[in-house]
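One structure is given here, and the rest of the page talks about it.
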Amino acid sequence: MPHFESDYNNGAHAAVLRHLIDTNDERTQSYGDDRFSCHARELIREAAAAPEADIYFLAGGTQTNATILDCMLQPFEGVLCCDTAHINVHESGAVEATGHKVIAIPCIEGKLMADDLRRWLQAYHADETAEHMVRPGAVYITFPTELGTLYSLYELQALRAVCDHYALRLYIDGARLAYGLAASPDVTLPTLAQLADAFYIGGTKCGALCGEAVVFPRGDAPSHMLSRIKRHGALLAKSRVVGVQFEALFTDALYFNIGTQAVRQAQRLRQILVSDKGYPTFIDSPTNQQFFIVPNADLDALHRTAGFENWCPVDDDHTAVRFVTSWATTDDEVDELAHAVRSIRAI
Amino acid sequence: MPHFESDYNNGAHAAVLRHLIDTNDERTQSYGDDRFSCHARELIREAAAAPEADIYFLAGGTQTNATILDCMLQPFEGVLCCDTAHINVHESGAVEATGHKVIAIPCIEGKLMADDLRRWLQAYHADETAEHMVRPGAVYITFPTELGTLYSLYELQALRAVCDHYALRLYIDGARLAYGLAASPDVTLPTLAQLADAFYIGGTKCGALCGEAVVFPRGDAPSHMLSRIKRHGALLAKSRVVGVQFEALFTDALYFNIGTQAVRQAQRLRQILVSDKGYPTFIDSPTNQQFFIVPNADLDALHRTAGFENWCPVDDDHTAVRFVTSWATTDDEVDELAHAVRSIRAI
Amino acid sequence: MPHFESDYNNGAHAAVLRHLIDTNDERTQSYGDDRFSCHARELIREAAAAPEADIYFLAGGTQTNATILDCMLQPFEGVLCCDTAHINVHESGAVEATGHKVIAIPCIEGKLMADDLRRWLQAYHADETAEHMVRPGAVYITFPTELGTLYSLYELQALRAVCDHYALRLYIDGARLAYGLAASPDVTLPTLAQLADAFYIGGTKCGALCGEAVVFPRGDAPSHMLSRIKRHGALLAKSRVVGVQFEALFTDALYFNIGTQAVRQAQRLRQILVSDKGYPTFIDSPTNQQFFIVPNADLDALHRTAGFENWCPVDDDHTAVRFVTSWATTDDEVDELAHAVRSIRAI
Amino acid sequence: MPHFESDYNNGAHAAVLRHLIDTNDERTQSYGDDRFSCHARELIREAAAAPEADIYFLAGGTQTNATILDCMLQPFEGVLCCDTAHINVHESGAVEATGHKVIAIPCIEGKLMADDLRRWLQAYHADETAEHMVRPGAVYITFPTELGTLYSLYELQALRAVCDHYALRLYIDGARLAYGLAASPDVTLPTLAQLADAFYIGGTKCGALCGEAVVFPRGDAPSHMLSRIKRHGALLAKSRVVGVQFEALFTDALYFNIGTQAVRQAQRLRQILVSDKGYPTFIDSPTNQQFFIVPNADLDALHRTAGFENWCPVDDDHTAVRFVTSWATTDDEVDELAHAVRSIRAI
């Protein structure tokens, strides 16, 4: 049965694994100073057109968000985001555990729009009691969003302009960055490096066994990052583990190819379920997460043919479901789904 | 040049790496429910003779200490430990970052002795102002210690008795557990499982790319551990990464063999530097960390022949140094050191 | 000019001040054990019909909320409340500073309704990813609310039933409790003691110089409260300062009389501005906070006649304003307002 | 029976109480903007010869230490202090609760000496693993110390020089400042304002009902102090309560007179117990805390004649005891003690 439950149910991309094997016997420095991490940083700086960038390798996404936001915020500051943002919903309060409020703004399809952000900030600054409120210090967005949607270049620029006006830092969670970049018509890694104060390049969901690369594109990371990261329990002694993997991911454009391939499979999947099968999309996502509205009558049969997640009820008779492709999704798996879906149709 | 700087300067043990390769293409559950993690838990329960144990896989040591101690302690409780304890000295305040005081007791050679602990606790409980002090909630020890030394079974039992008397939990940091177990005449993994309320089996320094296995041997982990761990940013989405490695480490006694081999190399190293070369030991360590007192006049030449760390000055003319072996240390490397050291002697 | 900006712009009620004077020279114990605090506890237990209650005296409201909620919650739990709740809006993130998420539910007129709470909890418990979300541990409400409104007995009982069903603790912020009790037709101090797991009786806004009394009506306060409170910096060495004041407030029903008098003045004020002057109410509040919609054209003149706060814009031509009475509001002040308002009318 | 247990077992100094009475009916601003607080700030700036000082009024000492240190430190920094420091021993971990390590240096008689501090810092900066350790950000001392002792001007200047050299901030806890200033031959309030980056002038133990005045003598308090203080639950809505009291304390040199009088009583007390009675001093304190070594055989009789605290056992036959005077200690009380002690002698 083909599996589309998540983009973290495989090991590592073959090229990443091979690089782990090839480098295994070399003795290296630790705590970020190994030569693989150093080279991976150079490769990322080049790919992001950010020659001054400060880059840190951490183990996972929630850890990265909580650690880096805590580093970017003053203790009395909070972080603004969508109500559906990962940090607001699905990180068990990791940001609040570092003492910062997550300030959620109601959003549509997972995207924080510049106008909504500006309106919130205008109201905040107009409020005479603002000093008694949590001061907004940063804006958190995801690219792509938790719902698979993407910001356009124009939308990102508009967010940046609001951040500049209100002296806010812009942080971009790129857990699925490969898939977002592959699907975007106008946003590139250098774009993000130009617009964000910090962002992370997701490894765990994009071909690595584990690991995320945090980028401060202008080289202005807070002081004493090693101490700060270790204080959050996020410093890997054997830092090469992530460094080696990112070296592979940023060699021969692997990271970008991974994204392109998964997005192509996602589009085939959409073709099968929407055009062929006639399920409406629940959210119009161009990336590797696809959301469909399935009649409850079909649900059991569909679950018998492929692994995917029920997302939420839509009405009494329909359920939104999520299918996720990844670097590991094969043509065969999607073909198998196509075949299986046809058999449901036959019922 | 042979390298003895640390036990985390290599990749993974060949068998661990092979298992990562062999399992790479299998699709699995996430967040700890993958079949590799489940099987690794079974293997550890068996090796520890703790069939009821709750077991969690985390990415690194500092993260594990801070997360698990925070789970074990009430918010107003602190943790007692040696003044040289890793959590007191070398974790950038990760425990304090979770709001708990690290209460350090002066110790000799890295070991917290039951009598010193009891004396501290007697004084605390006799103090009329105790309610204004941080309440001790747990005792932290390392096995082996940061200085390579080991607790005897008797010493551990004595600590356990004090903990029982004062209703304290006993937590054992096993970052280098393989090396400790290999060197101990009377402490085994089942012993630790009997005596500790929680401990962790170190992977990063003992053959894995990354990862530590936390064991609550009596199956009495605090409720909602998944949420607690995630809140600390310590939950791996792709949990199999650590699960697969521990499956390999606890197959065919690999974890124990790794320890035995490294300890054997450490003893050869000691033979070379103490018996052959005549450097006194700085600390009498039976494990994979070896500490010697080197005349400053020899120091430069020695650094040209092998990688090791200066530990601390001893007097104006001598420096304590640390050599560390690991699962990756080869006979050739130790031979090379032996040869090189003889050439220093010639000078 | 009469002042209606807030209920904390005076010193203390005459009887409270007198008791501070009368007791000033007596030597007492500290840290809560002084005889005034002990007697004040007895008086509160009696007034609340809660003979087993644990009672603690703290200095201020934000401190009390943050401290007590942190004591009631497990570290990984959050607190549910209205989006307009004081802890969510106006405490500078004090609750998040202790590591807990404030989970805000959209509400009307400051009241968290049992149905909305239940719906939220049903969705949470139905969510397969619930373990990745912040677990709700307590419900926070205010009596009266930040908008002057009151829960009926029925509404409180319905909230209690939801809390019971989902094993949540119910915490009531009574910063203005005297005014709420005076205005409620069916909620009494014993009612609150029966329904809440913990609540606080506000002193600062209800006749005291400073101080709040936290009540755990069933005597089941968490262990080691002295240590917990001190850890939050909330333990008063000279505890008598608050104890003496609460002794006065709960002698001869002073606390209740204070409420009654302020509510009577609030009703006169409402008569003047609504019935006489014709301003609509913005919120229909039965308590000491009154909200009116004032034409912007009148605003300057009105500000010249009395102290009050602009609350928020209503439309381009109208502004909502807040007038607050307190134990210190005199007949003369309200008369003066009535007279002044008539002169605006004349314009 | 005369009471010498503590300096917080009375109400307020008569002049402070009178000022509370006199100002009680005036309506004021809140949250620090009331005219009493503003005037009190001016009086303190004048007394400290620090015309640019930023001054904040908080309710109590532990709260003040935890709040202000957290404001002064970067999140990854800790605070250096004596092992006997109040923040290290008797604040239930309030500093650690804000995420900072308290780094204790062994000291004699409660005083942190510049040489010991320098030695610690030299070792820290020489340590190659320093980035893995908690970075020292501030030095905490008390004036007078917890043991009643005083730093000389020279000692304070030496500490300041070390702080300057290592870019550390110097924070002085002045819980008993009045008594320290009264007893010091060479340290004045302007001295402290010149040497400290921040200090607090204790009210609770020096004549006020409650309240401490935090002084940043160079006017360089961290930004957004109102939000920061409120986030710690330490912002008093009715700020006048402390403002009025400090206005009284700094009118007609009351604060200094309070200190002088208490120190005079302490010296009489010492005369009685040391010179007359023959008890050795346990610590040679020039301030309002006096420590004597009492034969255990006398202890019961002594406890029947006066209130005081057993401090610690000295040997099997002797106990160190503490007698504390305050602004409230009268000639009669000391006379009564003198008389009572004579009767013990008679036994």
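Going by the order they are written in, the chains are A, B, C and D; count residues from 1 in each one.
Operating definition for what follows: a residue touches a chain if its C-beta (ideal position, glycine included) is under 8 Å from a C-beta of that chain, and two chains touch if they have at least 3 such contacts.
Please read all numbers here as calculations on a predicted model, not as lab measurements.
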item: Listed pair (A-C, C-D or A-D) duplicating the B-C contact set, over half by residue number; value: A-D
item: Distance-maximising chain from chain A - centres being C-alpha averages; value: D
item: Whole-Å separation of chain centres (CA-atom averages), chain A against chain B; value: 34
item: Centre-of-Cα separation between chain D and chain B, whole angstrom; value: 42
item: Chain centre separation in whole Å, for chain D relative to chain A (CA means); value: 51
item: Chain A, residues touching no fewer than two other chains; value: 75-76, 91-93, 97, 99, 131-134, 227-228, 230-231
item: Interfacial residue positions of chain B with respect to chain A in the complex; value: 3, 6, 8-12, 14, 17, 20-21, 23-30, 59-67, 91-94, 97, 204-205, 209-210, 227-228, 230-238, 240-241, 244, 307, 328
item: Complex contacts: residues of chain D adjacent to chain B; value: 75-76, 78, 89-93, 96-102, 104, 128-129, 131-134, 309-310
item: Complex contact set, residues of chain B against chain C; value: 31, 70, 74-76, 99, 131-135, 224, 226-228, 230-231
